[in-house]
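Have a look at these structures, which come just after this line.
Here come two complexes built around chain A, the first alongside chain B, the second alongside chain C.
Presenting the complex of A and B:
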């Protein structure tokens, strides 16, 4: 290596640092600082931001109180159900879009258009729609009393599926759009049934998209405040609601910070497992 | 060896310097002139902000002091986090009380409030503890029961009616920690207990009320919208919200035995550097003509008893002088101290 080459390498490295400096500063300011502040506050001796002292009592309080444990289990269950339902629906949607690409632009536009509407408006619309569903079921004498679609656990999951479905469908479609359709034809020629094709040919190819969409959906569903607040009707406690309550009226910053850290840690585990699983080669190529 | 920067390096440096300059500019101080002619107020959004937008120009014209309104919620935490950012803060009763006890707010010097003695006594008493006043009441709203006459098979006249079995799954309440729902502890204590502070009786009453509750709402408009749509038969909320719904079959009741209420206070943050101007603003808000305008735009009853509302304004408010007399006393300091524990207990009862 000549001196000139080494100098060029040094300059490139320096330029690289300069180029990445704004992004590093942005990340440090927007993510690292708040994260460190939250972690530090979560172990503070008093209920103030960055208060001194050290205690783990905010964490032990969480894990010894049935109210908070129930909120955590509700949060996780809601997130898991949302991932499963959007995953199944997203896979079917993306598959049919891949196999029958006619009017693809229109189908994609229809999929994404609801994202342009304000979330609160969509929830109000959904609530009215679910009231109509109940009215219809009762009118048809299929049920005696309204089903618990609004203001319930079910309502939260329905709303989250509605919110997250486009993201899951797009992620799966991104994986399946490169699907070589001759693989499906080959499998059918070899006698595979429709379900067998889906399970053994399409599904493995969709796994990266399912995992990417699943991670996004899981994190969004577990971290949402507004959907459980509006669709749960105050009857279903979740961790984000507990965090909001702790800060908004009671200014329990340390408690809220500990809850936030717990939520992040609990979410990171399944997300890492999912990502690890998604990175495996599931398409059968060795 | 001389160091030369490539074009990309120079570009990065430029972006960095630009960002730094921008950040420095964000933290810039006002000029001395601006410091005395502008106050920053934390206010609520929606109808309140709109009302302030109509009222503040008159204040500026009268005093030369401009009011910059910054709408939003969670004001007390913000005042804690950003001392010195605001000169005024609009707060409800318990928030003002908590703000004062946590030293975030300045105790109000009532001798500087020209019409302090004209404020409805129930309101000013609620903000006073051990001689210290947390905020100046500007307006208030009484709580009431709004119900659809075609869905409730009897005439609601009392708070006790909420517990009737005919209303099973038909009632909507405001969710804790908002005060609208927690008020029912007071109601339960008075109706089913031995007196206004028999809170245990209030909690037991809430447990019995659970079966009648269809859902808990986080914004008062949510409950009213569902009532108007007919998906719920009765809502406990700000009584004035029922008046526009009369034509849609909604009856509004403020029971004769009395009622809880919410108050809109102006408070002065302890870290404010323009307290003189803040007092000027409060005095302006209590002037009769401002109170009328505030009642018109904010749909809330004036706190001052010297105000005579025009008929078109009073038609939109249920708070008659009789109702003002029947308001239950509320110790906002006690409410503020208990709100954390009460919210948790509330969540244990209604949540799953």
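Presenting the complex of A and C:
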């Protein structure tokens, strides 16, 4: 390497750092400052923004209060159910679209379009739609009383599945792009049943997508405020709702911060496990 | 690797020419996902002063009622203002960074990737609470700064991803050629690369706009009396009553979302949504 090319390489590196500096500084500041603020406030002696002192009582309070623990178990149950349902639906969707790719471009575009519409609006539309479903079922004499799809635990899961399905479907679909459709046809010609083809040929290929989509869905489902707030009708308490009400209604800054830290820790463990196994699975294929 | 991949693809190609089958399952799912948007629009065109689905008549007067409703109008203007500032600030940060990622050294690229991973894995609620504490500590909780900063952070990963994908498709040799012919590096970039980047910049701007305009999680914490963005105003309105006025305002938001989707489809950015842009609601 000549002196000139070395100097050019150094200049290239310097320009690179210079150009990326605004982004790096912005994200570092915007991530570190709020994170440190929340952690500091969560162990503050008093329920104020700039309170000094140190106590772990906001954490111990959480784990000794039945109401809080119930909210935590609600949050986790909602997240797990959402992951399972979107996983199954996403797998079938991606498999069907791979095997029958008619109108593929249009369907993918329509799948992504709702993601660009406001979440509050989509939940409002879902509420109106579920009311109509109830009316229809009662009119057809299929049920005697309203199903309780709105303003319930079920409603929260339905809304979250609606929100997260496109991400899961796209993640699994990307994984299945490596699927050779002739392989499936060959297996079927040789007498393999539908389920056995799914289990032995399709599912193993879909695992990386399912894991990636699952991690995304789990975090989103456990961290959402707006979905339980609108679909739960005040009946189902979750951790994000407690964080919001602690701050907005009671100014309990330390309590809210401790809840936020607990939520993140509870979320990070499954996400790290998922990403770890997801990476291991994809590593073999690549 | 490519050789083994090509073989089955070549064998399959003749079959592709046949009319492709359409899956009923995927069609049903697509319709179900779009249905809530259609229901909102249908509820808004019913002339009666209560929500009725399906509508029995057609009228657009709830749309003018929605735009005349003071709190809807002020928060719509506020949301648009914030979104436009977010687009400008976001592009100023991401365009140079995208150039650094595609043209810079590996170390720069890895640093930027790491920086982009952090907002993606941090739950919005932690971010929002942290921002609120930060702004309160700095006595700025009643300014729009927090909303702008939070929305920029939320839109950065997808904007950068779109720009990097766009830049990767541009041959750096074109710029080198211009430089060899005597143009300065900045002039070569502005005259050769930047014009080719415009579709990607357009997509990035649209994503920054819509992620800010639609944002609920950050805005919820940072909205104060007098600075409530439109999604939060709708949420608060819906807590008390659901009527055709709010359905009409919601329909306007559906139209905005669909318009952005169509524009992104034209610019080729829509597919990026699935790649890494996280659900931000």
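The rule is short, and it goes like this: the second predicted complex is superposed on the first by the 253 of 286 C-alpha atoms of A that agree within 3 Å, B and C clash if a C-alpha of one lies under 4 Å from a C-alpha of the other, contacts with A are read in each partner's own complex, and residues count from 1 in each chain.
Keep this in mind: contacts are C-beta pairs under 8 Å (C-beta built on N, C-alpha and C of every residue); 3 or more make two chains touch, one makes a residue touch a chain.
As the structure is a computational prediction, the values presented were derived from the model and not from experiment.
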Touching partner for A:198 - first (chain B), second (chain C), both, neither: neither
Contacts of A:80 with chain B and chain C, given as first, second, both or neither: neither
First (chain B), second (chain C), both or neither touched by A:19: both
First (chain B), second (chain C), both or neither touched by A:114: second
First, second, both or neither for A:70, with chain B first and chain C second: first
Partner chain in contact with A:243 - chain B first, chain C second, else both or neither: second
Which of chain B and chain C A:128 touches, first, second, both or neither: both
Chain B versus chain C as contact partner of A:51, first or second or both or neither: neither
Most chain A residues touched (candidates chain B, chain C): C
Touching partner for A:233 - first (chain B), second (chain C), both, neither: first
Residues of chain A at both interfaces, chain B in one complex, chain C in the other: 15, 18-19, 22, 49, 124, 127-128, 131, 229-230, 247-248, 253
Chain C-touching residues of chain A, taken from the complex the two chains share: 9, 12-13, 15-20, 22-24, 26-28, 30-31, 33-35, 37-38, 41, 49-50, 89, 92-93, 96-97, 99-104, 107-129, 131-132, 162-167, 169-171, 174, 180-182, 216, 219-220, 222-226, 229-230, 240, 243-244, 247-248, 253, 256-257, 260-261, 263-264, 267-268, 271
List of chain C residues in touch with chain A within their complex: 8, 11-12, 19-23, 25-27, 29-30, 33-40, 43, 51, 53, 92-94, 96-97, 99-101, 103-105, 107-108, 111-112, 115-116, 118-119, 121-127, 129-134, 136-137, 149, 152-153, 156, 160, 210, 213-214, 216-217, 220-221, 230-231, 234-235, 238, 242, 246-247, 250, 253-254, 257-258, 260-261, 264-265, 270-271, 273-274, 278-279, 281
In the complex with chain A, residue positions of chain B that touch it: 1, 3-6, 8-9, 12-13, 15-16, 19, 73-74, 76-77, 80-81, 94-95, 98, 102, 175-177, 214-218, 222, 225-226, 229, 231, 339-340, 343-344, 347-348, 350-352
For the chain A and chain B complex, residues of the former touching the latter: 7, 11, 14-15, 18-19, 21-22, 25, 48-49, 67, 70-71, 74, 124, 127-128, 131, 150-151, 153, 229-230, 233-237, 242, 245, 247-253
